[in-house]
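I've put the structures underneath this note.
Here chain A shows up in two complexes: once beside chain B, once beside chain C.
Presenting the complex of A and B:
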């Protein structure tokens, strides 16, 4: 089955400055292409295609990788095989999609992944027959058709609940990574956790014309125990339907810091920072997850099985998967707790 | 959105094709260069049928824009047998790793890359490397057998270098 790409103009800048200039020039009607493993399938389905595509593949500035910073253009295979980055990040990269897709896919592309939904990632023909959805051409959500507004049930034409399926985003958020962007207005560094915000359409705060340059890891990320677990229908190829990344700092057997980040249960990755240093902005809508509601006290306590169970229970209670990616939401919600428990037990028992 | 000239090396021969920006590498190889050995399965990056080597890396040609391959070296399944079948191809035929044959070019190109990187892969490593290719006939076991057999054969003798295809 051959699916045709819509027509577009391809720009191939060789330096970051050129790319920034091009992004500023075509700010209203352009997409950034890095590996193309997410953008091109969406284009083939006619999903929000733009007339200009700026390729970032030939920009050497984006391909730098060392222990503390990873360029946006570094392929997932290179992250997987890199010996300097924390093991949890390499392990997480090694479980994204399939070996062939990892060969093309990049860190930047994975972080900027478009959200996924049963009613969105379909062919043009499929979507036309049902009526388009909020995220592409339409005016209503098919996943959550009705919302509660002022005590009344009204048609949902506001909140898109498409799932954010990136694997590296929750892992990097758990480790407290920062992202650096450039645009014609200058450089900007922002905590990854603050970057993701909003519903399935908005999903992050990228200012017009901004290009992700690199992700920086704090020194802390190398000192703590961290890990990644993911649930997907198949072990390879599929997008995750639950992803759990955690960073755990232990002082003897007492918890000094604990950050758990969930992927693929909400429109953005969800960080549960149990020390509450880094709060996420209020989710903006009751359909989206609020991780800090009834958060249990964890810091300074002994990390025994009961405490792990408390943390897992809290994560499971707050997660709100929707019926828009494979596997039932109920099952995925339970797995959030199960994977968190397994991961934390593993981190506690194995030193790193 | 005009056509641009794409210059690259396909199977050891220089090629110049005028392509549109939205053409994928798979469509250029198949439609412009008539190298129809590369198959297009899902066209969405899931099945791995369209695997070719771009500068020695196994990539999905359905998700690679043709113009992004400017100046690169491409190897397709046609590069593997000029005079005789490549050990991988022979092993796939002998072990029954190819039934309907549609996914076979992708499997062979990916396992070819694996064997170049790792001449003596374990069963697990083969499974891991071929995790992005789908076969709906064989059930995969015969394919893993075939890659193991070909790896043994290639280790015994100097591997034949992929030679240019004469059209």
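Presenting the complex of A and C:
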């Protein structure tokens, strides 16, 4: 008791069609609930609760998993134990939260995880004491970031910089995953990297009434080397303070393709696609990280220690973590480089 | 000669069968039948099955629910409180504010500086300002936000050094401050100097000094504060509370509520962890009582985790500058320490903390010259208080780090340096006259070195891999009561009726440390009955004789002795009955295995029940009382009472760990933890205490810290306050060193608190062995470790 849930109506559809209809009906005032491990703690803190909660727990259509697609309702523990998905994805899932939470938490919940911030993930009493923030009930950001506008750093407390803390999002982005949504308007498939954009409040482009159905992997995701590294204060339970996912394709000892995705350093995952084929479309002024600024030439070069160092340096230089989750930003920034270097060295030296 | 045992040598073979409390025939210590057995704690089955009743589980007819409104400002005048809207909310039965209780209270008679709720001004973010009792918790939660409070902010004191300044009376957090510094926010200053400190530093072969900094930490007990108060039909207050010290709460309630103590009954509920954090009388206890008196209905008050953090009483944030001098033989010649501790908003146990931060550095090494300037300050932060290892833990990190630095300077193995300086057994410390009885620290350190293969590892492990040592001592119960009086510190009653059940009454609080089990063992050993017969009633002030409770690691020594004495009185009654039944002289009987046996003629024996029924003839139930009072100790200078104890425990820990030089992450690999607890009455419980202390100490060493944003606690929840998980906790080898104490019950000393302090410096010293950097800030978080490594690298590059 004592951390009380606000009152809401719980809808428990048994099929996806029913869920879509409910989502359309309550489009202006509803949240989707899967494992509840993120949504319910936020509700207890009085953070942006809605009057309708649609539970996706009983929808069998969301629970399918195979080598190329993972349903939104598949639990993290089922991803962790699945033998067909790339090892990097299973490994990534295996380090989210704690064993108990992974029994409830789902892929969909992890991808739709609300952004986190010291000034947001607090009780009503706490936020009332300090003054509310942009992300809940307020009109200013307490992190007061330096925002890059046209190459100039300016202070701006009108943009939310809450940190995107999903682990599976950057890992799946590195592997080129696509997400499929349904709504009463129909089905839509979008590259996961294009799905995420915006500030700490908007954070992704979900159209009204849309429900995530599944994530699909391109064929090449199984053919490249891929891996995941997470830094967190403790060995269990904690959100990442830096997460690095990478997909590497080598032609002999030369780089054919390299995608590095960072988690927990910005308002969305950040993809460094060294093939530069998929530049992110996000409005530049929202984002502190510009992965393509001074991006080094990597493709076609031999992946020796020096090149790995160049890549790690670039990732570290561009990363701009903020002082709004545990561990200091300068430290986390440095760790972006360390983790990238370690991950790429492992991917090069251990075949898959 | 102390003996050694522990988890490395023996395995736990006991088990719990269907709630039957059994020791499964585990062997007792030589010469004993119950003492020294590995006995599962009496309340373990209740806890693991969920059968245990905590205060939040309790329900009473007509019960109301309470919520507290906490101060949103850290230092501000209260201009106005309007409760009318809250009172008008349907379902609200009563609202109370500071105006409902004017009397101040506090655990120490010299620091009566707490109000039930703030009056006139608030002094920290989180201080109770008003409270509501309502039909449901939902209504209460809604009602508190209808209370309108208007504040006028005052300058906030958030850094301990700011509290040293002279300020206007308006900016003094409390009216009463340290007499020597009347215009400041200094709560207590302690200045002690003994021996020739200046001379020792002048003549020293090696001098080491450093500045240290410690973040505040919280106890992190599992059960949040939860209580039920009931002003009952007899016009008596019944307070159900998970208190470590029901007696001090009893006294404080009487003062605040202006009731004679006998009209209040304090009932200790099952305690879901305390560690010192449930040993003050608390505001919420006053608040629920006031609401119940106002409504004449039971009132439950369960805090959420953030409120529990805000209630505080954790280890003081600490800053210190310490120096040590050594002669050329490696003998410690002087300690000079200057320490400021941040007490937060209230006095709490702080006067004791201020003394302990200095005087408890007079061991485990012989201290020829000693100087201490200590200040405890008030600030507008969460109140600090007593936490496991009270007052000794942070300065212990400082002195153990300096010992290690001195060993490097003198070219000695750090363990060897310590062995040259340990206090002997059976001695008095030179100035404070602390009475050292048994002391197994040499044997403990030697055993930890042997098991850890110290000599093969220290200074020889590859870069990033290290081993370190830390030693400590601790009081086995404070020899002086907080309230000065001539009453015993512990009294135990025993009642045995014809059913053969042995009922033991005590107010020593079972807080998970095993005190009920310990009392049962002491009684069963003396009267020779099985443990299953013994039922300990240690919850209610109406039936339990006063015991000062579970703090200062005093229960085994003091309540254990009282139980033993009460049992001896019962034994005399049983022996007299056995004598009448057998015709043998009463002094000839031994008591063991449910039998009363004639020593000279072992075939002459009666059963326990026969002796009992014989003894009950004409008088009915047997009753007996035993008590313990510490003997006169110490010396006469002002403040010389602080640190006195009838006995002291000693510990020597070794930690092996790895440091990732790129990330600064520290991974403990194994801890060898040798603790001298006198005789281990229950080795299973001793190992549990050692392992628990190590786990808790590792938290302070590596991950736990109270972080603030200005005056507001930033991490008042268990996701952001980082207690180590099982994945972060290495194998712990508990080494029990048994050096029988002449006065402790069956030779026992403490083991609940002293085993915490040594792990933190053992980690710091192992980090030095691994990567060559000294850590002066605790916790030793990855960013701090990495900063130290990078600074060393930069210095080396510069040097080249």
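Assume the second predicted complex is superposed on the first by the 334 of 352 C-alpha atoms of A that agree within 3 Å, B and C clash if a C-alpha of one lies under 4 Å from a C-alpha of the other, contacts with A are read in each partner's own complex, and residues count from 1 in each chain.
Going forward, a residue touches a chain if its C-beta (ideal position, glycine included) is under 8 Å from a C-beta of that chain, and two chains touch if they have at least 3 such contacts.
None of these values were measured; they are calculated from a predicted model.
Novice: Applying the document's definition of touch, where does A:57 land relative to chain B and chain C: first, second, both, or neither?
Specialist: first
Novice: Which partner chains sit in contact with A:40 here, chain B, chain C, both or neither? Use first/second/both/neither.
Specialist: So A:40 only meets chain B here.
Novice: Now for A:101: first (chain B), second (chain C), both, or neither, which partner does it touch?
Specialist: A:101 contacts chain B only, not chain C.
Novice: So, A:12: does it touch chain B (first), chain C (second), both, or neither?
Specialist: The answer is first: A:12 touches chain B but not chain C.
Novice: Determine where on chain A the residues touched by chain B overlap those touched by chain C, and list them.
Specialist: 1-4, 98, 235-237
Novice: In the complex formed with chain A, which residues of chain C make contact?
Specialist: Residues 56, 70, 72-73, 125, 137-138, 141, 145, 224, 302-306, 662-664, 703, 709, 712, 714-716, 719-720, 722, 724-728, 781-783, 786 of chain C touch chain A in their complex.
Novice: Contact residues on chain A for chain B in the complex?
Specialist: Against chain B, chain A makes touches at 1-10, 12, 33, 35-37, 40-41, 44, 53, 55, 57, 97-101, 103-104, 235-237.
Novice: For chain B, which residues are in contact with chain A within the complex?
Specialist: Answer in residue numbers: 1, 20-24, 27, 40-46, 48, 51, 57-60, 63-65, 67-68, 70, 110, 128-134.
Novice: Given the complex with chain C, which residues does chain A contribute to the contact?
Specialist: Going by the criterion above, the answer is residues 1-4, 98, 118-119, 121, 123-126, 128-130, 142, 231, 233-239, 326-328, 331, 334-335, 338, 342.
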